[in-house]
Each structure stands twice: as C-alpha cells, then as structure tokens.
Amino acid sequence: MNAPLLETRGLSKAFGGITATEGVDLDVGEGKIHAVIGPNGAGKTTLIAQLAGMLAPDSGRIIFAGRDITRLPTHARARLGIARSFQITSIFHAMSVLDNTLLAVQAHDGHSYRFWRRARRDKRLTGPAMAALEQVGLGHKAASNASGLSHGEHRQLEIAMALAGASKLLLLDEPMAGMGAEESARMVVLLRGLKETKSILLIEHDMDVVFALADRITVMVDGKAIASGKPEQIRADENVRRAYLGMEGPGETIGDA
Amino acid sequence: MHPPVRLGVRIAVLLALAVLPALTGALDQPFLLDLALRIMILATAAVSLNLILGYGGMISFGHAAYIGIGAYAVGIPAYYGEYSGYVQLPLAIGAGALFALVTGYICLRTKGVYFIMITLAFAQMAYFAFVSIEEYGGDDGLVIEQRSEFTGIIDMESTHQFYYVVLVFLVGALYLVSRIVNARFGMAVQGAKDNDQRMQSLGFDTFRYRLACYVIAGAMAAAAGWLMGNYNYFFSPEMMGWTHSGELIFMVVLGGAGSLFGPLYGAIVLIILEEQLSSATVYWPLILGAILIAVVLFARGGLEGMLAKLERRK
Amino acid sequence: MEWVLFVSQLLNGLQLGVLLFLLAAGLTLVFGIMDFVNLAHGSLYMMGAYFCVTLTSALGSFPLAVLLAVILTFILGIAVELIVSRHLYQRDHLDQVLATFGLILFFNGAVHLIWGPEGNPIALPDYLNGRISLPAGIEIPTFRLVIIAIGLAVAVGLIWLVTKTRMGMLIRAGASNRRMAGALGVDIRKLFTLVFALGAAMAGLAGMMIAPITEANIGMGDDILIVAFVVIIIGGIGSIRGAFIAALLVGMIDVMGRSYLDDFMKLIMDNQSAETASPALSAMAIYILMAGILYFRPRGLFPPRHR
C-alpha cells in the first residue's frame, strides 16, 4: 500500500481545561473517503481546524503528501491542496454565488496579482466556477446574491467552494447538515464520484451516509480516537457500540441501516 | 429595465467638470474653477482611500499624510532648485508607496480599531517629523516658487492646462480603481474584507493582498498630494493633520463607501458645503459637525446608495 | 548641575504621564466596555479646561472651580452619551469614528461661539504658583507636584474602583463579556452612561490641570488625543493597568527624547547631523515605540483576554 496522503500523529489540542483532541492518529489514504464520527463535542471540528491550519496543535504532527505541514499557515496548506468546508457556513455574503466559487478557483489558479483584466470575464475562472456550482446543483443561482440564498443552498455553496479548487484532499465538516433529503442524496452520489480524483475526510452524523460512503471510519469520543477501521469492523466494535449506545437512544444503533 | 440613473449622473458630473473652464471663462467666475480644482484633487485622494476603505475594509485614518508627502515631493526638490515634473511626480508616488509599505507592514498586522488608531498615529508621526525639520520651514512650511515643469508638453502655470491635468488624474484614478476592483487582485481584496478566514482557507495570503492594496492607495494619494502642492504653491505639515484625514473619510462615506463614484460626489458635496458654511459664519464647524453626526445617524449607504435606490424605484 | 536638570525632566515626564493617563483611562474603558471609538474624548478634555476658565474667574478660587468643573464635565459626559454615543454602540467603527469626528467639529465651533477664538489663561493662586525647594538644590514648581499628586491619586482611586468594588467588578465583567454582565442583572445602559461620564470627568480634569500652564484653547485636545490613543494601543485596549504603565512610559520617553536624544546621538554621529536628526527622531520616538511593541504584540502589552 502507498503511504497515506494525510497522516496525523499524536495530535492534541486543549482549550483551557477542556482537551478537544488528545493524541489523535489518523491516516487518510489516497482516493479514499475516511469518515470521522462521534458525539457532539467529541473534537471533530477541532481536528479539522488543526488539519486546515486554523488552530495550532499543542503537540503532534501533521504530514500531507509526505511533507510535514504542522507549522504551515492556513493559506499555504490550501495551496498545497487541502480544501475545507465549514460546519457553520462560511461564505462571502456580499458577493454573488458565482463570485464565491470564482474566488475558490482563483486561489488555485495562481496569478492573483493581476490588476487589469476583468476576473468575471476570465474563462479560466468562470468555467471551473460554474462547473462546481452545477455539480452541487446551484447552477441556476449563479447570478444571485449569496446572502439571499436559503439555508440549504448556503450548504450547497459551501461544498461548491471546497470542490472548485483543484484540491487533493477535502475536509468536509458535516456537509449534509441542513440540506433537504433530495440534496443530501445528490451529495452522496457526488462525493462517491469524487473518489477518482480526491481524497475526503468526512465528518458526518448521518450513519446512513457514513456507511454508504466511507472506506474507513474513525470514531472519536471526548477528543480521543477510540476506534479506527473498515466499516464492518467499526460496526462490530464493542467499544464503539458501548460509547454510542451510552450516548444515544435505542434504535439509533450504528449500522442499523 | 430600470433607467440607468447612476450612469447618467456619472456622465453628467464628468461632463460638467470637463466643460467648466469654458463656462467659468464665459461667466467670468474664476473662483469656481478654483473650487473645482480643490474638489477634484481631494476627490482623487478620496478615490484612493475608497480603494482600501470601501473595497478593502481597511479604515485608514491617516490618509492625509500621503497628501502631505506628495506635496513635500514637489516642495523639497523645488527648494533645491529641481523643478522637473519628471523628478517630482515619480518621487511623490515612490515616497507615498514606500511610506505605505513600511507603515502598512505594521498596521496590517492589527485589526479593527487598532488599525484605525495606528494609521492615525503614523500619520501624526509624519506630521511631527516634518514640524521638527526646520530646514523645510518646520511648522509654517514653505512656499513653492513655481509648479512642476514638463517643458514643451504641458505648462502647469496655465490655469486651464493645470485644470485638465487634474481632471486627467481624477478620471485616471477612477478608471484605475474600477479596473483593480474587477480584476483578480480586486476580487481577492474584497473577499478578504468580506470573510478573511474563508479567504485563507481557500489559499489566499490575505495580508499580502491587503498590503499591496494599501501601497497602491498610498501611491495614488501621494499623486493627489503632488497636485495639491502644485495647486497651492505651498507645502506644510498642516496638510497631514488628522482632521484632513477625517474629511477624506467623510467624503468617502458621504458619497458611499465601496461605490466607484461615491468619493467624488462626497468631495463635491462636502467642499461646497464647507465653502458655503464658512462664508456664512465663522462658527461653521458647529453646523458641519452637527450635519456630520446627523448623516451618520440617519443616512446610510451614502449618495450613491440613494441613487441606486432611485434607480430601483422607477 | 547636570542631574538637577535630569530630575526636573524626570518630573516633567511624570507629569505628562499622569495627564496622559487621565485621558487614556476613559478612552480605554469606553472602548473596552462599549466597543466604542470616541475621537471626541479630546473635546471633553477641552471642555473641562474651558469650564474651569469661566468658573475660576467667577468664583475666584481655582480649587473650587476645578471641583465644580469636574462635575460639569461629568454631566456633559452624560449628555453626550445619551444624545449621541449610545446610538452608536451597535454601529461599526467607521460610523463611530465619523460621528465623533463630527462631535469634535461641533465642540470646536461651540467653544469659538461661547469663549471666542483666543486662548484663555487660568490664573493660579499664589500658593500654587511658587516653587518648592527639595534637597540638593532642586527646585520644582509647586503646581507640577500638585498635578502629579492628583494624577497619581486618581490613578490609585480608579484602580481601586475597578479591582475592589462591586461597580468595578461589573465594569470588568462588562469589558470582558457584555452578555455576562447583562446576565448578572446589571442595567447595562446605566452602566455605560456612568462609565462614559466617568471617562469624561477624568479627561476634563486633565484639561483643567494643563490649562493654567498652556491656556485653554480651541482644538487643544486634538493632538494630545492621538498620544492618548498611542497609550491605549501600547497598553492594550481595555486595560487600566496597561494604560497606566503605557502612559508613564510614553510620557517619559517623549520628554526624555526631546531633552537628551541629541546628546545621545552625538555619541554615534557628528554634532551637525545629530542636531538636525534628533528633533525629528524625538518627535517620532513614541510612535516608533508603538510600532515596535505592536510588531511583537499586535494587541498591546496587556491585551483583553477574550473578545
């Protein structure tokens, strides 16, 4: 097997007294969808924030494509090919929907120190930007103002921005949360199709989605990765069953899907 | 289709400025020309401020410093007998850019109100630095014997020719800003204003875009200062005073921050208002201050915003 | 003797420092708690001085005039807060900057209207006008010592108020977390008014202390306000302790720079260039200090813990 695209070793981060992640080891293989699941407050978002460079880990290392990126600033990581979507929608509210994705494309196209040619007439930007919007089903809204979209559409735009750059690794923080059933289903198909070209770290609460998509699953509880493995292994894991059954009501046993 | 109110007003204003010299000649009202010159020069500076403030979200309270720097770039060479515009103008632009680069490097590390206060403080630093240089007149500044020379091309001493030089700078500044904000660079700057964190996670080093934008605006404002020095035949630290920076911000906001022509409208309204008030009463700051407060409290979006509303209503 | 001059300059620096603290304390509190940039703080300093001018000549007693003028500036602070400031707390900083810039123009015009364009001196009573002899041949103007004493007393009082009293606790709670202060059952609007007026009164007091030395004049607060901004930026916005330390630091560096920088520069360059360069450099000293501190600590020496 090839070396994984992304590795973390002993990633720890504490906020005052709360340890949000503790000694997390993670391997995301090339072309794989790796799901991270866990109850609310388990530290999943904190993990992504460290991978994307918005939070500096207290200790531990992050290796991406064979390179230690632990100390690299956010923008430099993004340019290496790590794209992130946010659990709490983070878009450009004052811009049009197309402009939002256009910026995502521009970030990876280099050449942002162009002062003269009109960006919105630049096919190298609008082409991929439009394509990303079509992929998530927002093509018809391209000219609308981003702030005017519905909540579900905001979520779609959030994904489109992560897709629009030519990133190798997508860090998706609950991408389907807030979407309708139809869009969710569309997104599952979309993500599965991406495996050809991208690797995905997927945080998701919907177990149907997780088991439909994931090649590997890591379970986090209280900041620790308590289990990691193939979906069947996770389904069978005693620790996981206990942790989850302890947290949630009956009938929501994982893998019941 | 809505009637293009904004476009109409833009064209009308520019046309009016273009034919003004002929009109004032016919009406024998030379002071109007003088007023229009002041408006256009300060509007050029305000347009540059709008680039960082309106489009980039960088509330600089030290923009008048660049006007002073530009004026000194006329005066100091002239003091040593160097009148060539080919020396003075590049010197002004270069000095403005350099000052913006050095101070911006520090200012832009900070955010929000720290940024406002630090830009203010650096402008004040420039002010006091020039106050303390006795050689160039200290507090009182110095008179410039003649305007920049562009021998054989333009005679800056001719009021009409100088007028059109200023108009070209104003229109050039407007055009430059309109290109910049619609180009890739401008998209990045506006994105950083809207959502800095998202820009970084997309892969933009927002600090550098801001800094580059800040430097461009500084260079443009210094060019306006070069015009101002020529216009006044005079330079002094007072030109850098922070109340002038406040006036520039007021022009931008009054006209509509982040709209291309807003700063020009703001400059027109503010300077005419000041002119009228100050000839009516010596207590004009009292009234202007009250108007300013009222504008902030009750009128939002500026003049361009009002025009846009008009456009939609029709 | 050399060091007689040195001690006297030290006291000058201290005097400037405490005056700056009186100004900066209100600014930093108002910003820290209400998130409000008040450019017109310098106008309150000016108004304090003018109130004192009128009251001194009306009452014939400087101390009594100061007492009443402080109360008047406090009331003026309440009025400004109720009429203008409180409508701006929810606005962005740009609006705050503009509106308070308008306030400056307004107050400058108003002073012109009421007191005329000329500067107005304040005559000190004889017992404040003299000099006090200290050991070793040092003589100090009495009033200078009074300013320092009053400034330090106010500083101590304010720090006591903020750290030891219930109101101070509320102020600190408000500074770090507005919602929490609201949850504590404080009438947050009254607290804001009170803090604003308190800041106004301290600024006014500073104006009253300086006016007998320089006269009260229009725009007197405009330049020193910027220095007060430098102080609160260095100290960390919202921090009284930071403001105090930074005020003394800035006061000292400014005064010492002006009197000793050229001697110092002569050590490293020839006399001629030292004499031309040092005035400009000493004028820039505090800004260079600020830039240096911000480079390493973008939020000042004592940054607010969270926001």
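Every chain is named by a letter (A, B and C) in the order it is written, and numbering of its residues begins at 1.
Basically, a residue touches a chain if its C-beta (ideal position, glycine included) is under 8 Å from a C-beta of that chain, and two chains touch if they have at least 3 such contacts.
If you're wondering where the values come from, they're calculated on a predicted model, not measured in any experiment.
Traced through touching neighbours, the fewest hops from chain A to chain C number 2. Across A-B and B-C, it is B-C that has more C-beta pairs touching.
Legend note: the chain whose CA centroid lies nearest the centroid of all displayed protein CA atoms is B. Of all chains, the one whose CA centroid is most distant from that of chain C is A. Distance between chain centres (mean CA atoms), chain A to chain C: 50 Å. Chain A and chain B have Cα centroids lying 44 Å from one another.
Separating the centre of chain B from that of chain C, both taken as means of CA atoms, is a distance of 31 Å.
Taken together, the chain C residues at the contact with chain B in this complex read 31, 37, 39, 84, 87-88, 91, 93-95, 97-99, 101-110, 112-113, 117, 222-223, 226, 229-230, 232-233, 237, 276, 279-280, 282-284, 287-288, 290-291, 294-295, 298-300.
Taken together, the chain B residues at the contact with chain C in this complex read 53, 59, 61, 103, 106, 109-114, 116-118, 120-122, 124-125, 128-129, 131-135, 242-243, 246, 249-250, 253, 257, 282-293, 295-297.
Here chain B touches chain A in the complex through residues 179-180, 182-188, 190-191, 193-195, 197-206, 209, 212, going by the rule given at the top. By the touch criterion stated above, chain A contacts chain B in their complex at residues 52, 54, 73-76, 78-79, 83-84, 86, 90-95, 99, 102-104, 106-108, 111-120, 122, 125, 161, 165.
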